[in-house]
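Chain naming follows the written order as A, B, C and D, and within any one chain the residues start at number 1.
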Amino acid sequence: MTALTIPAGMPQYDDKPRFDVERVRADFPILGREVNGHPLVYLDSGNTSQKPRQVIDAVARYYAEHNANVARSVHTLGTESTEAYEGARAKVAAFIGAPSVDEVVFTKNATEALNLVAHAFGPHAQDPRFRLGPGDEIVISEMEHHSNIVPWQLLCQRTGATLRWFGLTESGRLDESNLDELVNERTKIVSIVHMSNVLGTVNATARITARVREVGALLMLDCSQSVPHLPMDVVDYDVDFIAFTGHKMLAPTGIGVLWGRGELLNVMPPFLGGGSMIETVKMTGSTFAPAPARFEAGTPPIAQAVGLGAAIDYLNAVGMDAVAWHDKELTAYALDALDTVPGLRIYGPRVPVGRGATISFTLDKIHPHDVGQVLDSLGVQVRVGHHCAKPICDRFSVPALTRASFYLYTTTDEVDALVRGLDQVRKVFA
Amino acid sequence: MTALTIPAGMPQYDDKPRFDVERVRADFPILGREVNGHPLVYLDSGNTSQKPRQVIDAVARYYAEHNANVARSVHTLGTESTEAYEGARAKVAAFIGAPSVDEVVFTKNATEALNLVAHAFGPHAQDPRFRLGPGDEIVISEMEHHSNIVPWQLLCQRTGATLRWFGLTESGRLDESNLDELVNERTKIVSIVHMSNVLGTVNATARITARVREVGALLMLDCSQSVPHLPMDVVDYDVDFIAFTGHKMLAPTGIGVLWGRGELLNVMPPFLGGGSMIETVKMTGSTFAPAPARFEAGTPPIAQAVGLGAAIDYLNAVGMDAVAWHDKELTAYALDALDTVPGLRIYGPRVPVGRGATISFTLDKIHPHDVGQVLDSLGVQVRVGHHCAKPICDRFSVPALTRASFYLYTTTDEVDALVRGLDQVRKVFA
Amino acid sequence: MQLDQLYQEIILDHYKRPQGRGLREPFAAGVHHVNPTCGDEITLRVALDGETISDISYDGQGCSISQASASVLHELLSGRKVDDALAVHAAFVELMGGKGQVVPDEEVLGDAVAFAGVAKYPARVKCALLSWMALKDAVAQAVALEKEEV
Amino acid sequence: MQLDQLYQEIILDHYKRPQGRGLREPFAAGVHHVNPTCGDEITLRVALDGETISDISYDGQGCSISQASASVLHELLSGRKVDDALAVHAAFVELMGGKGQVVPDEEVLGDAVAFAGVAKYPARVKCALLSWMALKDAVAQAVALEKEEV
């Protein structure tokens, strides 16, 4: 397998931040287990990541030592819990370069974060930027996860607005050729994925951002796949909202994040109503707290936020630059390795540039379910199916795909195990 | 302090199911800690409960051994996770006597469950029972938690429907004197709390249910406080929906439950849109899965569901009858004990009948914040403030209340510590 | 688990050489079923001749299990009396729901006994059942239509 | 933590015998602030005389900390130049946000130094700040109104 060659004058491999993968692996208890008599080869991190001991312990310790409800008590446990929860918010804010902690809203997952923003739009919105009705347009793309499609479809149904989308090129990149027509004066918001969970494509957003600013629309990025894998700075990116999800970045299930510019969050109407999001409640009417509290109705995922904080500590200790570089090396290796498998076709960019550590493919005419099943019998865990992104399958006229996705604990040995497994698949279905 | 006397002919104390409180306490690691140099006396279980080792471990074990995303993979970890998650659903269904597991929807908390039902109503609902507009009425009560007020206020704002409510009697019970006028042909849904988180009142629902059925409305119970403390059978209760929340019943934060009659859930429109709640997605429109999947968009709180399952196992092992009886004995003891404190006034039923183990009170003119602060200095953790139920404070013309709330690990010694603490409070503010 | 418990020769055989595939006319009722978790699809038609299912024709896409299962279904139930077919159907559903604990009766199930191993793979049970659920739906519609016409 | 660090004698004193309580006329601007987590409320008015805050009058309900803090505020800032008052205000906010690490300057803060202990109780900081935030709001409004009139 060939190595990636970097032209002279560019930063060379040795300049790149590195970490010891084996030491990282030792932190993940699950990586020691066997599946069907083989060592576990977990290549489904794009679906959900595994959790290091540090995160598992942080959650257990929270319950065993500090557990209480937040923002409601003067007692010591309540104060400790509130500090732990708000401390996690501060860690998230720092991790994505948010100018203010108050711009970080905790949700249950990325999906809720996307729905929350969609629900801010409507015919009666106070702020004109969120006023939406017939004639107005929302722009997404053909490479979105269902969670960044369905909320906008439902919104268009409620309001009569029109949903439009970027198409995809053959190599699985956003087709921006009609950008100026697609994003226009009628556009209220453009919401696109930062890194595709199927194709691996990392979308360059600069041209889109420029056009969005030109027409006065808003820009949201679905960063569910990118924030876990790439350094992120929301100010640098010049976006208005981003959504991401804890379980894909070493953290517990049950927690997601909406980041939004404070000025926007504070003109958005409440979404879920209930405890903690109010200023005052009378039977005859209520007033609401400023963001982020306004959008955190009811008891929040406290222990899960604490776990997310621990996950961010872990990622920071490894270094997000090093994570990104590990991903890139592994992807280069895997693209090369998969190229050697007869009958294998990759969907998405075939060069390790402008893409992340997620590779989807078909193998001959063998159905991905069967591919996945044989791989599983060898301990190799990949995802198969439509990956919650059916329009991509439609776009490329495939019923389903097999996907291998990597993370900081993935090794080249595991990529080799995948390749060997695919040989076995071909034998069974020869 | 006097004991409760049971008239001859009624079941006597000795007939009651019991458990060993000290053995239960040994399962809760946090109960071994100190606060401000005193043993922790946790009297804030109505706010959130503590967690037994069995629940903490079940969550940690899930992450360390089985973690994967659910309902999306053919691989072994995915299958194990799906079985753990769906197994938890089955435990919940059995715990509340649900006729079908498909009637159990996992949410992030009780608040989301209440909002989900509120969002099913609207002017264009396909099923007439959910069609709501000007002239239609929704009935709640003055003893609701904000989470069962604000969603209905927001719904009325969206639709032009009218919000009405039951008043309260002086002793903190529902005033049903105007039931027939309040619940009438215009009523679409009655949503009331089963057990008040402030007054402790357990509402007898039979008359209300009868009237609701007579006028063809729907009935929802907010069981956030009751399901953790009392045996529940949704068929016996003849309700349409109930909501409750994991963290108040020994389970993790980040998980709640909506139970609804299957026939209703399946005519309700989706709420949050995204992965896992769809049947098929095209850019031009989508169709949706049947309940419960329809209402579980995105990656659900998997580990938290597993923790809830472990909590239910724990409660079943102790026995819900025994939990309820423990609550009743403790409440009787505490009502008597608090009666000895000069200047203390209880809000809510003053007899241990038709009420749960939650007692709210004022002490002279001392502000609850100050009461709570002095108690905290002695290790006693109570909640102070409006308890997310401001209308109750308005009803009884108090700015705030102090609340002690008990659970299966609470002892009479802890009630004594509270009473001693209140003496101290009076000394500081004499 | 042993992979060949799942991928019995019979299953691979039906997958590679499906029986009765293709949509045919005439038919009494046709349905389209989807497995939303994996995207497998089937279009299935039944033709009735009095009390007998005279043909089961189908087309679809999916994994070896779902395709082989449709082929076996065609072979096993075409030409059978409706009541008989539904009895076999019930036996197959029981087998699939049995988590590998149900011993299949080869007399009743024929080639479909090969799916016994699938029952141990919860994620694949839906694949095996896709065409069978479609059949049940189609037969119910066809019978109902026939009654209306009488 | 020591309870009497929080409940300094000075605080209990102001709580039991509040200074300047009650709403008075005339006033340049009045505001109503609420602490949503605990329900404490304050209505506060400021009267201006040129550059001077000639009166701070208030009414409200809340705990000893919030009530004593309003009383201290009245005593400390009534009759002060707006700029002076805002400087004291800034020192108090800094003290409260200091988590117990900021050493208060008694010259500047007077009786308000007694609140140093409150800074160690995050849940109570908002109580101490309630009237101070209201004052800042009211002064800003009053000054703005005065400018408009000119």
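The rule we apply is simple: contacts are C-beta pairs under 8 Å (C-beta built on N, C-alpha and C of every residue); 3 or more make two chains touch, one makes a residue touch a chain.
What you see is a predicted model; the values in this text were computed from it and never measured.
K.L.:
Farthest chain from subunit A, going by the mean of C-alpha atoms per chain?
P.N.:
Most remote chain from subunit A, centroid-wise, comes out as D.
K.L.:
Would you mind pulling out the distance in Å between where the CA atoms of subunit A average out and where those of subunit D do?
P.N.:
45
K.L.:
Cα centroid separation between subunit A and subunit C, in whole Å?
P.N.:
39
K.L.:
From the C-alpha centre of subunit A to that of subunit B, how far is it in Å?
P.N.:
That gives a centre separation of 32 Å.
K.L.:
Please set out, as single numbers or ranges, the residues of subunit A touching at least two other chains.
P.N.:
36, 72-74, 78, 278, 280, 369, 373, 384-385, 390 - these are the residues of subunit A that touch more than one other chain.
K.L.:
What residues in subunit C touch two or more of the other chains?
P.N.:
If we look for residues of subunit C contacting two or more partner chains, we find 37-39, 121, 124.
K.L.:
Which two-chain combinations qualify as touching?
P.N.:
In this structure, the chains touch in these pairs: A-B, A-C, A-D, B-C, B-D.
K.L.:
Would you mind writing out the residues of subunit D in touch with subunit B in their complex?
P.N.:
Where subunit D meets subunit B, its residues are 1-3, 6-7, 12, 37-41, 61-67, 121, 124, 127.
K.L.:
Using the touch rule from the top, collect the residues of subunit A that touch subunit B in their complex.
P.N.:
Result: residues 29-30, 33, 35-36, 40, 42, 44, 47-48, 50-51, 53, 55-57, 59-60, 63-69, 72-78, 108-112, 114-115, 118, 142, 145-151, 153-154, 163, 165, 245, 247, 252-256, 270, 272-278, 280-283, 285-286, 297-304, 369, 372-373, 375-376, 381-385, 387-388, 390-391, 394 of subunit A touch subunit B.
K.L.:
Under the definition above, what is the set of subunit D residues touching subunit A in their complex?
P.N.:
Going through subunit D, the ones touching subunit A are 34, 36-37, 39, 121-124.
K.L.:
Provide the residue numbers of subunit B that touch subunit D in the complex, in ascending order.
P.N.:
Answer in residue numbers: 36, 367-370, 373-374, 377, 384-386, 390, 393, 399-400, 428-429.
K.L.:
How about subunit B: which of its residues touch subunit C in the complex?
P.N.:
71-74, 78-79, 82-83, 278-280, 289, 293
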